[in-house]
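The first chain written gets the first letter, and so on, giving A, B, C and D; residue counts start at 1 in each chain.
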Amino acid sequence: MNPSPRQPGVAFLHAPGPTRLPPSVAQALGTQPMELGDPALDGLIANCEQGLARLFGAGPGTELFLYAANGHGAWEAAITNLVAPGQCVLVAGSGPFAEAWAVHAEGLGVQVQRTPWPEGHAADAGAVEELLRADRAQAVLAVFVVHTDTGSGVTNDIAAFRAAIDAAGHPALLVVDVVASLAATPFDMGALGVDVAIGAAQKALMVPPGLSFVAAGARALQVAERNPAPRFYWDWQRRRSPLNYRKFCGTAPQNLLMGLHAALALVEAEGLPNVFARHRLLAQAVQAAVAGWAEGGALDFFVRDAAVRSVSVTTIAVPRGIDPEALRRLARERFQIGLAGGLGALAGRIFRIGHLGDLNAPMVLGCLAGVEAALQASGIAHGPGVARAVQLLGAPQ
Amino acid sequence: MNPSPRQPGVAFLHAPGPTRLPPSVAQALGTQPMELGDPALDGLIANCEQGLARLFGAGPGTELFLYAANGHGAWEAAITNLVAPGQCVLVAGSGPFAEAWAVHAEGLGVQVQRTPWPEGHAADAGAVEELLRADRAQAVLAVFVVHTDTGSGVTNDIAAFRAAIDAAGHPALLVVDVVASLAATPFDMGALGVDVAIGAAQKALMVPPGLSFVAAGARALQVAERNPAPRFYWDWQRRRSPLNYRKFCGTAPQNLLMGLHAALALVEAEGLPNVFARHRLLAQAVQAAVAGWAEGGALDFFVRDAAVRSVSVTTIAVPRGIDPEALRRLARERFQIGLAGGLGALAGRIFRIGHLGDLNAPMVLGCLAGVEAALQASGIAHGPGVARAVQLLGAPQ
Amino acid sequence: MNPSPRQPGVAFLHAPGPTRLPPSVAQALGTQPMELGDPALDGLIANCEQGLARLFGAGPGTELFLYAANGHGAWEAAITNLVAPGQCVLVAGSGPFAEAWAVHAEGLGVQVQRTPWPEGHAADAGAVEELLRADRAQAVLAVFVVHTDTGSGVTNDIAAFRAAIDAAGHPALLVVDVVASLAATPFDMGALGVDVAIGAAQKALMVPPGLSFVAAGARALQVAERNPAPRFYWDWQRRRSPLNYRKFCGTAPQNLLMGLHAALALVEAEGLPNVFARHRLLAQAVQAAVAGWAEGGALDFFVRDAAVRSVSVTTIAVPRGIDPEALRRLARERFQIGLAGGLGALAGRIFRIGHLGDLNAPMVLGCLAGVEAALQASGIAHGPGVARAVQLLGAPQ
Amino acid sequence: MNPSPRQPGVAFLHAPGPTRLPPSVAQALGTQPMELGDPALDGLIANCEQGLARLFGAGPGTELFLYAANGHGAWEAAITNLVAPGQCVLVAGSGPFAEAWAVHAEGLGVQVQRTPWPEGHAADAGAVEELLRADRAQAVLAVFVVHTDTGSGVTNDIAAFRAAIDAAGHPALLVVDVVASLAATPFDMGALGVDVAIGAAQKALMVPPGLSFVAAGARALQVAERNPAPRFYWDWQRRRSPLNYRKFCGTAPQNLLMGLHAALALVEAEGLPNVFARHRLLAQAVQAAVAGWAEGGALDFFVRDAAVRSVSVTTIAVPRGIDPEALRRLARERFQIGLAGGLGALAGRIFRIGHLGDLNAPMVLGCLAGVEAALQASGIAHGPGVARAVQLLGAPQ
């Protein structure tokens, strides 16, 4: 896009999304489109639906809806199908993404209750239980939980939220955003008792942004059927059709689907357990480096409890006086490393290293070594980081 | 997608969208994504906005909104920003797409008035004027007109609708769908007095589906600001931001934008007047062939008036007893030519040849010759068609 | 390459080589290279060797040598391994390519006998037999025959040459150039008693130029071993190695091999008999059109005997006063169709339509209709051509 | 190629060639070929010739010959054009590649004198001078020097060899192989008085293997004209033609040329001095790491004199008892890093890290960190390496 100064080599993309496109995905995106009546298009869609259903752990009765939209579009799909303006949902606070979802629902006229979020910690299932117990009128139609809050770097314990709803004896649906965790860390909506799961293509699924999906279980579908609020593009009922033109409320985003098809084949070829293990190992390497940096200096983990740190993204807190945006700029311009910054209330207080998708050990090591060089070039005190990651990854197997 | 029987050679895609991807667009789609804070991403978006503004003929005060969504998403954006549930719009009938737009608005709770559509003819500006004159209460907030109704193959005269509204002295906005005409036939929203224009990427813009755009003029923006209905993903107000994350209500569909960037560069390199002239010439070639087929047989133009036949798509009526779906299947399977069928009320009565986007003379000739072979193989009587197209295209310059 | 005026759409490439790259081949070419010690590189090479061996019909004892070189390089490989300067070969005249091969051998110091070529006819096996009978000293080490002479458009009957050598009771090797026929028309070196076969990637194999191959049978290998002339790059003996670095006398042309690997997979997916049948059918369509053009005008087949017309390329003779180069220029510039001209003695007297590789019916029809338009635009008298091809291809199956 | 276990992420290619393809080169390779008579093909070739002439520092009277062949083919081109069998050349020993070149010349029947190579040192210009002084009969037609001997990792001082020839008052041509140094470190054949320079595409030029080039100055062209030995594919005289079909002795390797065209554009966009500076900096980073490893353990630089270490490849000596092949295997399989081994006499005694072409800091850091992890996993004692490289690259600018 920038025609002027050539940047040699691979750009290291370490945002928590979008992520690097594997070659087969990149090539699939450029495949010539098909006419909408071509049976091969229906085959492509069916293949994507089946692959996603496996990833979500979608049981019988669960239906999948794919959208030509980004992840916020899928949020809107869940909100508009389940809740009419004036009705109520509960959002479990876990960082900027949970908060953004709450704001989205409010923007659509929905009443939102929030549980408080103690910065740097996971969402509080106990607080959810308490609020539901207090909701005698059962006004709360759904509890919204972000599995991995990509803004804070915590991964919430979904089972605890299912248990909280059950303990409260409340009929609210459990609606989970797995955008940043799907295909990175285990998730099984059937086993976890999740009613609606929301995912997107541009994270661990390694597809460009513009494609998102909602899996809705039987109870959620019933709630949606009873929801009288007018809706069209997102509407599940209208999308229940064998015709691809209806399924997507218009033209299917074919090329993104071809990319998804290719990405699902990669996940299958590697094996989902191997995908998860790889994400865990690479996250450990990143976190070993961050621990090393923290020892000798001013940086620290933003997420205090190591057990709830995400395998997809690691959030690093910087003290006052250090500008994470200047560090990101230097990392990008001098070292071709794209890091993420802080969102919302966390802007200027953290930076984030994404480590999800099509990554391997030397890519993560190159990122960490490059960030360490950027810390040094910026005069930010730090202990030895990449050497720790080398040690961890070079351990005898 | 279909791993089994290899289909050699170029598949001839002659639907009216999606259309063939030029090589530079196909390659751009597979470019590695950027981190959202990368200034190059903002540069890409600005470039796309400027290019689209030129295509739309967007004057000062007009704002452009790009959506990660298909064309129906852009319809929903126009409807939800301009009209609250219970309010009223007028849709000018011109075929299946105008009707689908009306149904979409109704699905969102909007009251819809329709002008009748005499099959095979253009939309009736006089009928619009009449209804507006009758609307003493000025309940109609907007008149919706499809420029090229891709379902019927007519191109409506937008200036006539502007004149109709003006003649009625009615304040209704003029909202025009140029999805199937943008970058194929002249359009200039400023000169035509269009308040809102709606386009999509997958037609003459030669980009895969999943990206659509709305250009809204000053009056339309004011109407939207007064509209109290809750909305979020489509909301123009929230999208007015220098931050790409806000502009797209979440992650921008980067790779489709890279494709659009490449496509706009192709349009510019060819020159918009040349692009229009090419579409006109190729449409004449197709219509010469159809005229030839019609002479010797049962087929005929669906659009009676040659002057309102689209340069993007030609609709061919088949008599009872001939199944256009069987012809399409044979054309696809034996001749690798993808033709479109009839939508809605026209299903089973027509087939359509798309001729827009990245096409040239031998591609169109190959399509016409292949369709002629398919007619012959199907036993459908027809006069000589492709020879007429050859004659037209081989005329001395 | 030409940055200025954009040429929309598919360029119709109808030279007899190089030919269109199928998408999977085009993508394979851009795959990241491997380190030379990577076992996957050896796997790739072995796969290509096996696929080529099947195409050649190479029996046991036959060895395959792949060259980073074009087809003329493979000629040089055959010449330098089999014949020392001063020794003698016999070349069967069949057009410009046979003649060029003779000149090549002479340039390397080899004595060449030629059989005369009656223009527009196949090579004369009887003349070969006669010369061999007359060669009492058995000075002729090898008989060189071009299977399909891409310069004249004839396909020679290889069995007749085997029979001629046998009838003469002469020990000369039979060396056959199948560059323009391999994977287009049946060939089986084992069944035909061919000692050496020479192919290249850029014809019916649909890979870019720069890769060629020689299959040498046991007798040929013995002749080469006895040949004392110094040689290195082309040397079969040095290339007999499990090490890829030796097999290719240096770095293997990996990416062209990846392209070949992809192309062989396409051939296998389609099925070799289907590939042959497709070439035959499309050649019939081209020849039907040429027959139609010839009826009404000045053009004619260059190859008089329909039975020896190639399925890969059709040669059209133009009378004095018509400049085939002007026609080619017009076809290229106005109709995006690349036709071949006349080589050597045939320059200015013929033009050629290639119809091999990744082609299908509408592509060939588009080419023929475009050429017909170009004939018309050039004022060259002609009968109806493309209509004949349509008739042939649209015949009930 | 290996369909089974998916390898996620970027494979780190750290052989000294072939090297990583930049995206624009990878895409150019898959461009549809042109018909040989298309003027755009001649434009492409002219563009490549001009770009290479600039890279070589080719002055007036110098001619460029491009080959569809690998680098050994270009060696053969230089040998066969300049020297007839039985004539004599002098090869300056500098490692496995100089030796391989000598063997190649001998294989073609040429008499070869060699200067001795003290392992780990540069070639000895003094020894060349001495041999030339002793050559009273002026039998030596040419002195062959490898600029960067990719097998040993030394870069020879070309000016010293020009001076040696001049000091000896000998008419021998100076023929230099810049395959591994062109576009990585400064070279200017005009300024250096080099008569023939030999390059290839797959090293710092970032194009796949299969394309090589020879630049021959006026004196060399005269020597070639006087050379009576028969030759054809490599022959300079026959290739002096405006016809692309003659220039390449047959079909030009179009797609590799398209890749070269794209690569030359990248070099120009970055600026040659910047390209050189980048190679120097990244080489320093690698060598800082090797120095660090060496301090704490058994590894060491193979090239003793730091001043003659190549910027393209670093050679690391391993002591007896350590198998570099096992290390390479582990690096490849567990860490996706492709390292090169020892060639010829150096097999089993060294491994090599390539650092040329489309590389940047985090890629090199990732490689070094990955190699360090592999050393650890292999139980090979070593000091801290990557931390040194981080320190060097993170120095304030």
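As a working rule, contacts are C-beta pairs under 8 Å (C-beta built on N, C-alpha and C of every residue); 3 or more make two chains touch, one makes a residue touch a chain.
Nothing here was measured: the structure is a model prediction, and the numbers come from that model.
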{"item": "From chain B, the most remote chain by mean C-alpha position", "value": "D"}
{"item": "Pair of chains joined by more contacts [C-beta pairs], B-C or A-C", "value": "B-C"}
{"item": "Where chain B and chain C are represented by their mean Cα positions, the distance between them in whole Å", "value": "46"}
{"item": "Mean-CA-position distance for chain D and chain C (Å)", "value": "34"}
{"item": "Centroid spacing, where centroids are CA-atom means, of chain A and chain C in whole angstrom", "value": "54"}
{"item": "Residues of chain B engaged with two or more neighbouring chains", "value": "20, 27, 31-32"}
{"item": "Contact footprint of chain C on chain D as seen in their complex", "value": "1-2, 11, 13-15, 17-21, 25-27, 29-38, 40-41, 43-44, 47, 68-73, 76, 85, 104, 107-109, 200, 202, 208-211, 230-233, 235, 238, 248-256, 258, 261, 328, 332, 338-341"}
{"item": "Of all residues in chain D, those that touch chain A in their complex", "value": "4-10, 12, 20, 22, 266, 269-270, 278, 334-337, 358-370, 372-377, 379, 384, 386-387, 389-391, 393-397"}
{"item": "Chain D contact footprint on chain B (complex, rising order)", "value": "23, 27, 31-32"}
